[in-house]
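Note that chain A is present in both complexes that follow, paired respectively with chain B and with chain C.
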Partner chain A sequence: MPKTITEQNLHHLIDALLAEGVRVIGPKRADALTIYAPLANGEELDLDQLPRRSAKEAFFPPCETILSFEKRDGKITVSDPDLNRLPETVLIGVRPCDAVAPGILDAVFSWDYDDPFYLERRKRTTIIGIACTSADDACFCTAVGCSPDARKGSDLFLVPLQGGGFVVEAMDGKGSALKARYEALLATSGSAQPLPLAVPAVDSLDLEKIRTWLAGNFEHPLWQEIASRCAGCGACAFLCPACHCFDIVDEGGEAGGCRRKHWDACGFGKFTMHASAHNPRDVQPQRYRNRIMHKFKYYADKFNQTLCTGCGRCIRWCPVGIDIKAVLDEINKK
Partner chain B sequence: MCIPDKNIYKPHLATIESIVDETPDVRTLRLVFQDEAVRENFAFRAGQFAEYSAFGSGESTFCIASAPTRGGYIECCFRAVGRVTEALRRLEVGETIGVRGPYGNSFPIEAFFGKNLVFVAGGIALPPLRTLIWQCLDWRDKFGDITIIYGARTESDLVYKHELAEWQQRSDVRLVRTVDPGGNGPEWDGQVGFVPTVLEQVAPSADNTIALVCGPPIMIKFTLPVLEKLGFTDNAIYTTLENRMKCGLGKCGRCNVGNVYVCKDGPVFTAAQVKAMPQEF
Partner chain C sequence: MAALGRHRACPYKGTNYMTVNNQNIDTSPLVDPACYAAATAAIRAEAARLFETGEVTAVVGYRAGRRAGTVMPEVAVTAEAAAQLIFSPGCQNNLTLFLSKAKRDALPKGKVAIVVKGCDLRALAGLIGESQLKRDEVHVIGVACPGVYGAAADHSRPLTADSAAKKCRECKVHLPEGVDLVAGTLPELKELPPLEAQELARLEAMTPQERWAFWTEQFSRCIRCLACRQVCPFCFCTQCLCDRNRPQAVDTSPRPAGNTAWHLVRAMHLAGRCSGCAECERVCPMDIPLNLLNRKMAQELYELYGFEAGTQPQEQGALTSYRDDDDESFIK
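What follows is the complex of A and B.
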């Protein structure tokens, strides 16, 4: 029989995890926003809205120290952050469009060279996904192969029930272990029906057709039409669950400091600028083209996956109203 | 317990053994790894690059400019144009810099055995070829004729002036130096003219010959048609792409030309491969 958990017991689960020293990250209210943040108690979990930023920062923080250095008596020593200090983490209340993304990013962060900062966090994190029951008109997960009840990426999956509570499904060993550990908080399923799933506005896209079109249309008036107005603010990349570009910069001075990875965005003008000031992606439409190409062609070519989960954040918060699903739809119709 | 061997972003430490100012703003650093095991085991192939850091300022990407056949040290060569390169330039002999690498692919030197080689370089793009030139000279009997055509805007902008003099002395190398019109002083004894024009005049035979071309985009653009006219096929022409990089490991997302990652799939490409890429470099 399927197992269920009441909302109250889900809060108790969070409290129990916290009591054991596990870091629990989930959607929580921060003034007017909902964001993924470490929860102080179960009551803070707020599943009403899709958080403003994606859950990727649980694995790939906006800013992260990758080494520190110190110069003493003319001698430089370099030390690593102690990755063993990374806490065991449960990421809870993650909608499918966010839950699927870390698995997509595993490919690039382990491509020939394993990025220990990303992969150690992956190892130490259990993802509790939740079926999505509310879409807005920016949502398009179903168009890019995800769906409101996609289990992919979740170790444990919650399905909200009418009248409250959730069905609890273990998707893999990590999820089963967690489920077994807190068996006492679960009940055997009653007669409650699942809440209706969200219905994203856009129909499925032919991603293979889009990839083929992109392969043949590096030069096309479309790029100019859709992206001349791009402000190059990078919001789309920073909000995206799957954008992974980063910068590496030193902070501090010659006497000592640290080297960090910072989120970066291919929409920024200096992203590709050479020392000579030559810039292979000189104007905004070329940068936007790279964004689309990277997500729907290059990443697909290399890793057989699409670097987009249809969460719609880049549409919702673009200051100039660029709509990636409209762009894809237009390509799909060509 | 730390897990330092897992940190792919952590550089080796190296000491600056010597400094050569190639031009007023181009400098060569000779670097010796501080860790004995790294010193003994660091191996690279001509064409590969590294990330060099001035701690406190950041990392810059340059090719490894010394030859794999010259052990015990590596060299990099850079123009001071930005925050990191200015900081690298402030470092003195005996000071420490960080080196991550070697990264990327390399010139398939084994495939060049028995062939004639024509090196065509412009300005500060000689270093990526110089590593290979010295390797070929160190293995001189494995190759046929070696021709080097090297140009810069002015006499002063020519890098590795001492080595140019050495190559000029050698009977087993044909060196043609050139400067752009107006870049020659009264003592200049080389050619005057742009690299593609001089290449056309020198007109090396394409028969059993590999061309290796490195230079600013404009030089490459005008050199490739000349090589084609001389009979070189696109698969017999090699070049390196020099895109901006940060990680050097295929992750940070900026060096791609289409779906080709210069840091992993390159930096060495044949002209055939370059022509198949979208025009985005």
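What follows is the complex of A and C.
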């Protein structure tokens, strides 16, 4: 029999996890803004809005220290962060467009080099996904192979029910273990029906056709047409669940400091700047082209996956109204 | 439809899953939407004339996006493209962004026309004052603008008292002056509470410690996407101090030290130059109220030097000129 949990017991689950020293990250509201943040108690979980930033930061934070250095009495010491101190984490209330992304990123973070920072966090995190029952006109998950009830990426999956509460489904061993551990908070399913799914009202896309078009149109007037307006900020990349570029910087002073890894974006003018001052992508349309190529061609060629989940954040937040779905529609028509 | 981003008017108030509470939202249109249609028609007619006479090589304006009510900047280089230009409450962008020397390299050579609101016109005057362009290099189509959406507005609905941008609530330049053509006519406008002035007053009433706590909290959300810099018409430096790494002036990582330094450097570099278009605040994906800093700077400049960003180009900025009677009381 399927198991269900009430909203109140979901809050109790969070409280119980916190009591055991587990870090719980979920959508949390601060003023009008909802972001994924460590929850202090179950009541803080706010499932009303899609968080402004994606859930990737649970594995790939905006900034992290990868080593630190110190100079004392003429001696220099360099130390690595202790990854064993990364906390066991439950990431809760993750909609499918965010939950599928870590699975896509695993490929690149364990390709030619196993990134210990990303992979350790992945190992220590359980994802509790939730079926999506509210979409807006920027959402297009179904056009890129995701869906409002995609279970992929979730260890445990919640399906909101009419009248409140959720069906609880374990998707893998991690999810089953968590479900078994808190069996007492669950009930046997009654007659309540699931809330209707939020299926975005969008035209479908033929991703294979788009990939083929991209392969033959590195040079095309479309790039200028779309991206001459691009302002060159990193809002699209930083809010994206799948963008994963980073820069490495040394910060600090003579006495000591840190080497840090922080988010970077191919829209930035300096992203491809060489030490010689030559810049192979010296105008904005070339940078925007890279964004599309990377998501729908290069990553697909290399890892057989699309680097886009259709969450719509880049559309909602582009300062100049560039709409990736409109761009893909345009290519799809060619 | 649900509130996923700022393009929805945040209808969710309660903590219940997916419950909607629309009771507090004023949905009556602020002005007759026909006034935007009239401005659109006037812009299109002028653009058609300009292409026909060959006066300009491009018209920088606005066109509709895929989603209802959304808009994007458009550089129209043909009469056909110019026939698609619009004016609507979604026309938030300050298009003078595209007129700095560096950005103009991407535009066709020759004279260009640009669509500006009264608030944008101040930026145009500032850019001319800073020798980024000459007045006769640009044909200015000013719009009689009743107001545009704020960052959190629902683009699919008419402009309302709730969805109007904060800057529009205190706007004194609905009708642009000194332009080559005024598109549209201004309807009668309602008086709206000056939310931003109220918020600035609230901050000024705080103790320095409280204010520091307020900004520390705000800056803690910054992810350094630099949208604020990239949309600013006055952030036209080809080498930003904050991108330098030999030596490094400002930490680039999104942490308290670098975030605070970045936002203070930004505010200081814009003091006496900022036109108050508030684009930096509109585009901030982390909702940091950046225009409060700009506005505070503008207030100081006015009190100290009588300087105000205006619609007429001023060759000497308050901070780039010296007068014997300049107030120096702040030097302690």
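Here is the rule we use: the second predicted complex is superposed on the first by the 330 of 334 C-alpha atoms of A that agree within 3 Å, B and C clash if a C-alpha of one lies under 4 Å from a C-alpha of the other, contacts with A are read in each partner's own complex, and residues count from 1 in each chain.
The criterion applied here is as follows: a contact is a pair of C-beta atoms (placed from the backbone, for glycine too) under 8 Å apart; a residue touches a chain by one contact, two chains touch by 3 or more.
All figures in this text were calculated on a predicted structure; none of them were measured in a lab.
Once chain A of one complex is fitted onto chain A of the other, the partner contacts of A:Ser276 are limited to chain B, with no touch recorded for chain C.
Applying the stated contact rule after C-alpha superposition, one finds that A:Ala184 touches neither chain B nor chain C. Contact with both chain B and chain C is seen for A:Asp247 once the two complexes are overlaid on the shared chain.
Once chain A of one complex is fitted onto chain A of the other, the partner contacts of A:Val108 are limited to chain B, with no touch recorded for chain C. Touch criterion met: A:Leu50 reaches chain C, while chain B stays clear of it. In the overlay built on the shared chain, the residue A:Ser228 is in contact with chain C alone; chain B does not reach it. When the shared chain is aligned, no partner comes close enough to touch A:Met1: not chain B, not chain C. Within chain A, the residues touched by chain B in the first complex and by chain C in the second are 247, 249. Listed in rising order, the residues of chain B touching chain A in the complex are 1-4, 6-11, 13, 53-60, 79, 81-82, 85, 87, 94-96, 98, 216-217, 242-244, 246-247, 249-259, 264, 278-281.
Against chain B, the residues of chain A that register as touching in their complex are 66-67, 69, 71, 74-76, 78-80, 82-84, 108-109, 111-116, 218-219, 244-250, 252-257, 259, 261, 264, 266, 271-276, 278, 280-281, 286, 290, 293-294, 297-298, 301-302.
Within the complex formed with chain A, the chain C residues making contact are 1-8, 10, 12, 15-18, 65-68, 70-75, 93, 97, 106, 152, 156, 221, 223-227, 229-231, 243, 245, 248, 251-255, 258, 279, 282-283, 285-287.
Every residue of chain A that touches chain C in the complex is listed here, in rising order: 7, 31-33, 35, 43, 46-50, 52-53, 62-63, 133-139, 160, 164, 195, 198, 228-229, 231-235, 237-239, 247, 249, 251, 260, 262-263, 265, 268, 270, 283-284, 312-313, 315-317, 319-323, 325-326, 329.
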